[in-house]
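What follows is a single structure, and I will ask about it in a moment.
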Amino acid sequence: MAVATADGGIVLGGSADVGFSIQSISKVFGLTLALGKVGDELWKRVGREPSGTAFNSIVQLEQEAGIPRNPFINAGAIVVTDVNLGGYRPREALGELLRFVRYLAEDETIAIDDEVARSEAQTGFRNIALANYMRSFGNLVHPVELVLGTYFHQCAIAMTCRQLALAGRYLMLDGCHPDGGRVVPERRARRINALMLTCGHYDASGDFAFRVGMPGKSGVGGGILAIVPGSASIAVWSPGLNENGNSKLGSLALERLAEATGWSVFSARLQPAR
Amino acid sequence: MAVATADGGIVLGGSADVGFSIQSISKVFGLTLALGKVGDELWKRVGREPSGTAFNSIVQLEQEAGIPRNPFINAGAIVVTDVNLGGYRPREALGELLRFVRYLAEDETIAIDDEVARSEAQTGFRNIALANYMRSFGNLVHPVELVLGTYFHQCAIAMTCRQLALAGRYLMLDGCHPDGGRVVPERRARRINALMLTCGHYDASGDFAFRVGMPGKSGVGGGILAIVPGSASIAVWSPGLNENGNSKLGSLALERLAEATGWSVFSARLQPAR
Amino acid sequence: MAVATADGGIVLGGSADVGFSIQSISKVFGLTLALGKVGDELWKRVGREPSGTAFNSIVQLEQEAGIPRNPFINAGAIVVTDVNLGGYRPREALGELLRFVRYLAEDETIAIDDEVARSEAQTGFRNIALANYMRSFGNLVHPVELVLGTYFHQCAIAMTCRQLALAGRYLMLDGCHPDGGRVVPERRARRINALMLTCGHYDASGDFAFRVGMPGKSGVGGGILAIVPGSASIAVWSPGLNENGNSKLGSLALERLAEATGWSVFSARLQPAR
Amino acid sequence: MAVATADGGIVLGGSADVGFSIQSISKVFGLTLALGKVGDELWKRVGREPSGTAFNSIVQLEQEAGIPRNPFINAGAIVVTDVNLGGYRPREALGELLRFVRYLAEDETIAIDDEVARSEAQTGFRNIALANYMRSFGNLVHPVELVLGTYFHQCAIAMTCRQLALAGRYLMLDGCHPDGGRVVPERRARRINALMLTCGHYDASGDFAFRVGMPGKSGVGGGILAIVPGSASIAVWSPGLNENGNSKLGSLALERLAEATGWSVFSARLQPAR
């Protein structure tokens, strides 16, 4: 676990400097970039409601004409990747994303694990299905192969808990980089946090909000990024997953941390700053 | 609109002393009572995930064997009512609920509008269907007529914005009554807030979290109760509804209030109290 | 088993004179009466497609605005009962149906088993749900209690295999009673047969058509009525049900009979009469 | 229209010698071949129930773990194509299918329209999605590209009404070729007819059975193959489609033909041959 606090400190525990595949946590950074490119136009192509279904469900797409419920289920993240590709080749789009994450974490060593990306590309039949399905509704602009190639590589970014906690600080700081620069407008930072809280854990998002009470985004690699606005950016990593595909021990660790610190957005102990 | 603040003040605007039917907002008070009676046992009979469907959908019930997704859709609130009936007659259960709401609001004049309750009972075919459907799965203990009779009367509680904002203060104060008494444990208050944020506006809960950023519960009568933990308990009322069955102007007023004050749980301006 | 043939004979086997509750098989007679009353207007309120779902599913009703898929699932039969009630009290409507069945079977002893009807009425929560649900869409005209009371009594008609096979002869004879009278127009008889083939066994209708190849209607009491147009009206009864709620041995007996006789509507051995 | 009768005659009307793309009608021939290869093993990978949904729906696949409802919806036909590929290259599998259809129709000129196949391959995003989706459940053995390439070419077989009516004769003759050879066992011919009746027109199969009363299979090119066991094999073609994707005038022509001739499998006029 790594906890970056609003006063600039960082607290590490366990294997906080061991790298892992951030997988779906990358959807947070991808979404942030896409909103910077097209703003609220994005919401014509992706919804912002909890899906009530699993991370790779295709049912909802059929019922809602190819518009994914939110940007944190796979279908939604694939559309976001399509937006980020606009005008670029995959390599360029991935370069932009990597530069963005490195800037956020102030760490130039962050990289993509090509082997992980390749193994995804070979077995991701469900994601190929989702992408072609949305393409059939006209909700993908670029060729499916390019979008998915980019998507698989984005998911294969390798980071440590330390790097991830540092990269999430802009969501703790109302959209500002700790160096004072503005990463996103204040309102957008709040909104990304809101989406993480309502949609960040697939069909267990309600349970995570209920037990932990922090905006969070999980990845199938066992990582979770959780934000306490004004207080902390937290990364945990533990590979064992629960039945909803979220880190089992990671969730538990965050629940205990929230109990101990009062770091729940639903707690009165979080009060307006003077 | 009425805003009760953590320091004990109250700010009123518009027709804050005109009564209206709180309808589904009553589900918050019913849930609080039921958790006091059976605690976490409740979650064996009701889920706590966003439904992804409309407030009166029956599809999810069939797919999940009669277990409603959360206590704030109609089916879930009917199960909660069944819990609150335990060992009581409807009149007694309603009396207990009314006493609870009066205690929260410190106002003995709050009452049920019998005429509203009767009109519900005559036209609520969809709710009768939901209740019988859950009964067929064994998820209702009492006779359907008694449960629904109680439910329709609970929804027919009439309150003003002032009364409603006052009644919501325990959720702003980590479970305490302003008189210092504990209404619910701190953790339970946080969890009710979490449920309001993820499930309080039916299939527009994500949008409300995105735009407003406060735990809230809407009613078809045009009212919304919104909570800013540590800061404010807010009631708004405006009868015109949007396509999701939530107050159109009420949502907008709360969105502007959140912008103006920073009262979003996703904002860094809400920081830990020292 | 009882087999009534087109030449006026009847062959009996096993307990062909033991009465049983015909249950959903009564939907065939109810549909025939309703078409006589309102003709093709019926299809504005009920579809004629296989449902793809279980006999008591409510999902399809929500997706299709209260219009049941076909008259042989419970929801569809409840609408048909509502049509048959038109202008009558339940007792009168049931009297009409009984007279119709007695006329078809040429047997005045056929009666309703009141005890069976009462037990249905006490436990049929799912059917109460279906009826109220359709009422909420305006697809029931009469009060739910009256419609369901009539429906439960209709399902409780007790018949023997002999009586049932005799009652089905009009569907074997292109709509004529063996006494020469016309029960329904020829085209309507064909169409009722078509509905029995595509929808008569709930979500196992395709399998029954595949294995047996006769229009048929099953009941949860273990009975099946099967028609070979121009050749035979067959009733079987065996209480053990398979996972789709159809008589297990009854289906098997019909499959073997079809093999032995060539009595499949899909067989070339059935050729145009000269 | 072309009508091949059991006595060896053929009646032609309109543009019966103009070729068109048979599209989904090819699923009948593909299914016949696959059953010859793997027999009832096929039913472990494909169901035989009406789907209750559109021809290209993916919802049912998710709910039923990648097993298509029947071999006549797209997903089912893609699995059938995968079976037919077994041990062959696409060109060989297509050659086998072409030889089979030419043998049935006794016409060596029948061919695949490569241009049609190519245009399908370029725009069939929905079918690519279906195939990858099933692959993700392990219900496709061969690479998706090979299966779909074969499938698109199979659908692009061009035939005239005359050729199609001739090719369908084995289903009229209990599985025999008019030359006396056995194409499929009698029981299998009946079963293919049963599947055509219950599933041959997507979510309008019930309506086609109701109005026409013949086993039939439609194609998006405007063709329909309909079978009257023992009596006729009929092909109609008219490009205008109704809302369910079936030939509008073609269906009407068959309905009128059935009225005029009594050629409904639900009519008593079809009686056992002596």
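A, B, C and D label the chains in the order they appear, each numbered from 1.
Everything that follows uses one rule, which is that a residue touches a chain if its C-beta (ideal position, glycine included) is under 8 Å from a C-beta of that chain, and two chains touch if they have at least 3 such contacts.
Computed from a predicted structure; not experimentally measured.
Q: Which chains are in contact with both chain A and chain C?
A: Where chain A and chain C share a partner, that partner set is B, D.
Q: Looking at chain A with chain D, do both copies bring the same residues to the contact (over half shared) or different ones?
A: Over half of the interface numbering overlaps between copies: same.
Q: Measuring between Cα centroids, what's the chain most distant from chain A?
A: With centres defined by C-alpha atoms, farthest from chain A sits C.
Q: Can you tell me the C-alpha superposition angle of chain A onto chain B, nearest 5°?
A: 180
Q: Could you work out how far the Cα centre of chain C sits from that of chain D, in whole Å?
A: Here the centre of chain D sits 31 Å away from the centre of chain C.
Q: Take the average of all CA coordinates in chain B, do the same for chain D, and state the distance between these two points in whole angstrom.
A: About 55 Å, centre to centre.
Q: Go ahead and note the Å separation of the Cα centroids belonging to chain A and chain D.
A: Inter-chain centre distance comes to 46 Å.
Q: Please list all residues of chain B that touch 2 or more other chains.
A: As it turns out, chain B has no residue touching two or more other chains.
Q: Spell out the part of chain B that touches chain A in their complex, as residue ranges.
A: It is residues 6, 47-53, 60, 69-70, 172-174, 186-187, 189-191, 193-195, 197-199, 203-207, 209-211, 213, 215, 229-231, 259, 262-273 of chain B that touch chain A.
Q: Could you pull out which chain C residues touch chain B in their complex?
A: 57-59, 61-63, 125-126, 128-133, 135-136, 144
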